Amino acid sequence: MKILVGIKRVIDYNVRVQVNREGTGVVKDGVKMSINPFDEIAIEEALRMKESGAASEVVAVSIGPEAAQQQLRTALAMGADRALLFTSDDEIQPLTAARGLLAVVEKEDPGLVLLGKQAIDDDANQVGQMLAALWQRPQATFVSALEFNDGSAKATREVDAGLETIEVDLPAVITVDLRLNEPRFVKMPDIMKAKRKPLDIRPFAELGVELPPQLETGRYEPPPRRQGGVKVESVEALVAALKDKGILS
Amino acid sequence: MSEQDNAIERDVMEYDFAIVGGGPAGLGCAIRLKQRLPEASICLLEKGSEIGAHILSGCVMEPQPLDELMPSWRDTPPAICVPAGRDEFRLLTRQRSFRLPTPPQMHNAGNFIVSLGELCKQLAAHAESLGVEVFPGFPGRRVLVAGEGAEARVIGVRCGDMGVEADDTPDGRPGPNFAAGVDIHAGTTILAEGCRGSLAKQMIARFGLDRDAAPQTYGLGFKELWQLPSGRTTPGLIQHTVGWPMDNQTYGGSFLYHLDEDRLYIGYVVGLDYEDPRFSPFEAFQQFKHHPEIAALLEGGEIVSSGARTIIEGGLQALPRMDMPGALLIGDAAGTLNVPKIKGVHQAFRSAMLAADHLADSGSPAGFDSAFRNSAGGRELHKVRNIRPGFYRGLWLGMANAALETVLGGRSPWTLHTRADWDSLETRATAKAHGEQAAMAADWQAERVLPPRDRLASVYFANTAHEESQPVHLRVADTSICATRCAEDYGNPCTRFCPVGVYEMVDDGEGGRRLQINASNCVHCKACDIKDPYQIIDWVTPEGGSGPNYQTL
Amino acid sequence: MSTVLLIADHDGKNLNTGIARSVACARQLGTVHVAVFHAPDEDAACAAAAKLDGVSRVLSISEPANEGPLAAVLAPQVAALAREHEGGYDYVLAPSTTFGKDLLPRVAALLGVPQVSDLMEIIDARTFKRPIYAGNVITTVKVPDGIPVLATVRIASFAAVDDGGDAPIVSASTDAELPTHTRYIGLSAAGGGDRPDLQSAARVVAGGRGVGSKENFEIVYRLADKLGAAVGASRAAVDAGYVPNDMQVGQTGKIIAPDLYIAVGISGAIQHLTGIKDVGCIVAINKDGDAPIFEVADFGLVGDLFQLLPALEKALDGS
């Protein structure tokens, strides 16, 4: 089975993100970029499936600027077999990304598509679900455990109420959550080997995606600063205040 | 090397040259080697998560060596690159400041205020385009030495293991995601780790490279990048101050480098030869910012990033031998910084290019040490060698001596000696006899208002990160000293000299105290390795990619 | 007048508390119809939805296939309603619960329109604020004209409406083709143990260095149990060994957004505050009145936590 893993180049999760002076975006100059952490977990899951014999090939795909090659090389160094980059300097909104991935899926015909549940930059949490809808295939989102049987998979999902299990027929789209696995470290010899693995770069326009209506992004601003409230004199006063606010009944 | 370490199976990668450290020296050497020997295989290891992540420097750079190495840098300058404008040297008193004549070493016409980290990113891109293999996120953990005694020779570097989990032993044990560090075997290994490099420390001891040198000395530098309200800064203005908040006995001063877009680099350097164990270098920097003239500059502004790093100050007298069988020390791993200029980058480039030329011409490290000492870089160190040690006698005598040495151009027939920083602390009892608090702190402001409020808040702006489960990388050989001898003798100075509050004395739950090491705050400055009066703290590389993530600093 | 279709998140018996908050958002945008997709005989949520103030109508869509909340099964039905029901809807909303997040993008793709995730503030009929970069940046987005507005509602940003209403409940159906490639197996309650999960709990009590020891942490657990809260800790408490590190709240631990967060003996370092910036109501209990936590706490109580916590438990008993 071939597994397609979608990855996104994002600002590294350790970086303290700042709004630029004009309020039109976040500062990206000189800022460290990395693979979206949830996508790394997706790559790791795909690699484990390959190592266990459940998959034969892992293909990493990304839509983004030319520099996203770095992230694809990291995916190759982790163990992916092939990588595809569709370049665009425009903002690629989720539905556009999903339509683009559909075009790739139709060409590559994978048995499974793995994605991170959301990108830590836009926190949209949409692409996996949208791709599944367009592809008319099942989705299993926020997955923290996966079990494969012939032609189907049992996915355990982290939901608000606890852990939900569903079964999906393959091919399907799975979006992964934090607790699914711990991604492996990249080793130096593998970084060298990755340089020789195929990384195909093409313009995003080549996928022939019909652009859906786009959300217009306006202002960017930091969140409102929390202000201090009041000091209360006693626990009774505290309880009364909390009841008053409707927090305690 | 521990048995456990040797028992692990490792991949071996072979190179002609292995360089440890992705700063100006390491990258400069890599580039020059490729220019001279295009077919050579070169590997460069950098412990930070990316090139520049651990680079912290003022920085006002003399461009000539870089112009020689990579003239194209001027076409695509780094993100922060402001041509030097006016220079100012001021003496601060508690309330005022006085302009002093600018010392010749602080004339910066033709120089550039840069973010050294951003510059290094460009150097790295250039190095990679020439075929150097650059590996960020991979620390050199220990040097590999073959042979014994006179036959001993450096054969390469062992990279740090990843995925090690802490347990009761100092080295921890392999965790579920364990990945053994690779052994790099190289014809020549070049240590370019910067000030107080951990591998350089190992090799200086191993080969007795400092046998004929005076004790090495250091300073601790703090730096913050501020975004100020419109119109406050004068781009290109370079200011240095001495005086308040330090007393005359303690070496220290500030720098303010005005950038474009209303940004400011502001920082402070404290000599680690300070004597009063109650002194807090971080606090001194924060006090400086509260001087009425400085506070007026900063008011309403915002800290964007901050960090700290030690600076090597021993100069020529303390310079160890820079070559050993199979390896070289370059840049501040050896100690090539020019202290009166507070500039080390041009010297790092010089030593790096000289090392590359030397290796290309002779094929061996032997002779590099004398080649450097006889070069422009070595002569520059010779010229200023007596200036820093003059300050052991205090600010005024130090400045007078500096003036004399400047006039003589370093041709004085004597060479002043240096003293080890770790040995300079007075005991608590002695210090207390001088006064109830550290002398310089007498007129410090009780309530500070400018950010960061404390060291923990400051660390936030360094974006430092260490995987929680890894073994502590600050190896204290004997923590029983902390609550007993050290508490008595010095009052646990580590809890004050660490810029980020790694060391804390806490309740041990049994009525006593114990040392708590908050390793995850560490910004890799090396102050503890240097200043600890018992010399029992050994800083070793944590897991690759750990540590600060400095941006545009 | 604009029409809003709000998809109900329910478990066959109870309506998710996020719906009352989502209605608060929805009613600002237009006439609200709540759609409850359910299996036959599992329509209890319809009555609960009908009571919410601001709901004009409840649509009850009964299908055997609706037994488990499967996005693949519900999405075609939602899309059909959104397009066709009484001329179609201008807005399709869902709470930003795992249910809503799973379902709504699938609907958006079927309708060929973008979705706004985690709508936190309404600027105008088509302009909204939403958080990005884990809430460290707020961005304003506008949905272009001529398409329905699809959004998941950030429930922490809206106060629940009252339940004194009485909307009519009507049956609805669609002839959407329902896939069979996904099957619901079951649900098991979170983790283990009887305390709520820290990441998703509505109430959290957290202890810091001030608690003093592992044994002393009992006092924090007791208060949490009294409140039905999850238990967290500051980095300092974790480093000092009082609690394991999966309880850490903060920049390098968990970032949480409960309605109530009681910080006990926590000084309030920036790194910790990063983890609680989206909390509804922060209460701080600390003996140091100048501790930074008081600068962000909605209610602060200065004093000895070893006296105040037992007193607080007692005061809660009396209520």
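Letters A, B and C mark the chains in the order given here, with residues in each chain numbered from 1 onward.
As a convention for this text, a contact is a pair of C-beta atoms (placed from the backbone, for glycine too) under 8 Å apart; a residue touches a chain by one contact, two chains touch by 3 or more.
This one's a predicted model, so the numbers in the text were calculated from it and none came from an experiment.
J.: If you average the Cα atoms of each chain, whose average lands nearest the overall Cα average?
T.: So the chain sitting closest to the middle is A.
J.: Return the chain pair with more inter-chain C-beta contacts, choosing between B-C and A-B.
T.: Output for the comparison: A-B.
J.: How many Å are there between the centre of chain A and the centre of chain C, using C-alpha atoms for each centre?
T.: A distance of 22 Å separates the two centres.
J.: Taking the mean of the CA coordinates per chain, how far is chain B from chain C in Å?
T.: Each chain reduced to its C-alpha mean, chain B and chain C end up 47 Å apart.
J.: Counting only Cα atoms for the centres, state how far chain A is from chain B in Å.
T.: Here the centre of chain B sits 38 Å away from the centre of chain A.
J.: Touching at least two other chains at once: which residues of chain B meet that condition?
T.: Correct list: 460, 465.
J.: Which chain A residues touch at least two other chains?
T.: 16
J.: Along chain B, where are the residues that touch chain A in the complex?
T.: Counting only chain B, the residues touching chain A are 11, 13, 49-50, 52-53, 79, 115, 117-118, 121, 133, 135, 137-138, 159, 162-163, 176-177, 179, 182, 227, 261, 304, 460-461, 463, 465, 549, 551-552.
J.: Mind listing the chain A positions that touch chain B in their complex?
T.: It comes out as residues 12, 14-16, 18, 21, 29-32, 182-189, 191-192.
J.: Could you list, by residue number, the parts of chain A that touch chain C in their complex?
T.: Residues in contact with chain C: 11, 16-17, 19, 26, 93-95, 98, 120-134, 136-142, 154, 157-169, 172, 212-223, 226-232, 234-236, 238-239, 241-243, 245-248.
J.: Within their complex, state which residues of chain C touch chain B.
T.: Result: residues 212-213, 239-240, 245, 251-252, 269-271, 292 of chain C touch chain B.
J.: Chain A touches which residues of chain C in the complex?
T.: 11, 16, 68, 70-72, 75, 97-99, 101-110, 112-118, 127, 131-144, 146-147, 159, 179, 181-191, 200, 259-260, 273, 277, 280-283, 289, 294-302, 308, 311-312, 314-316, 319
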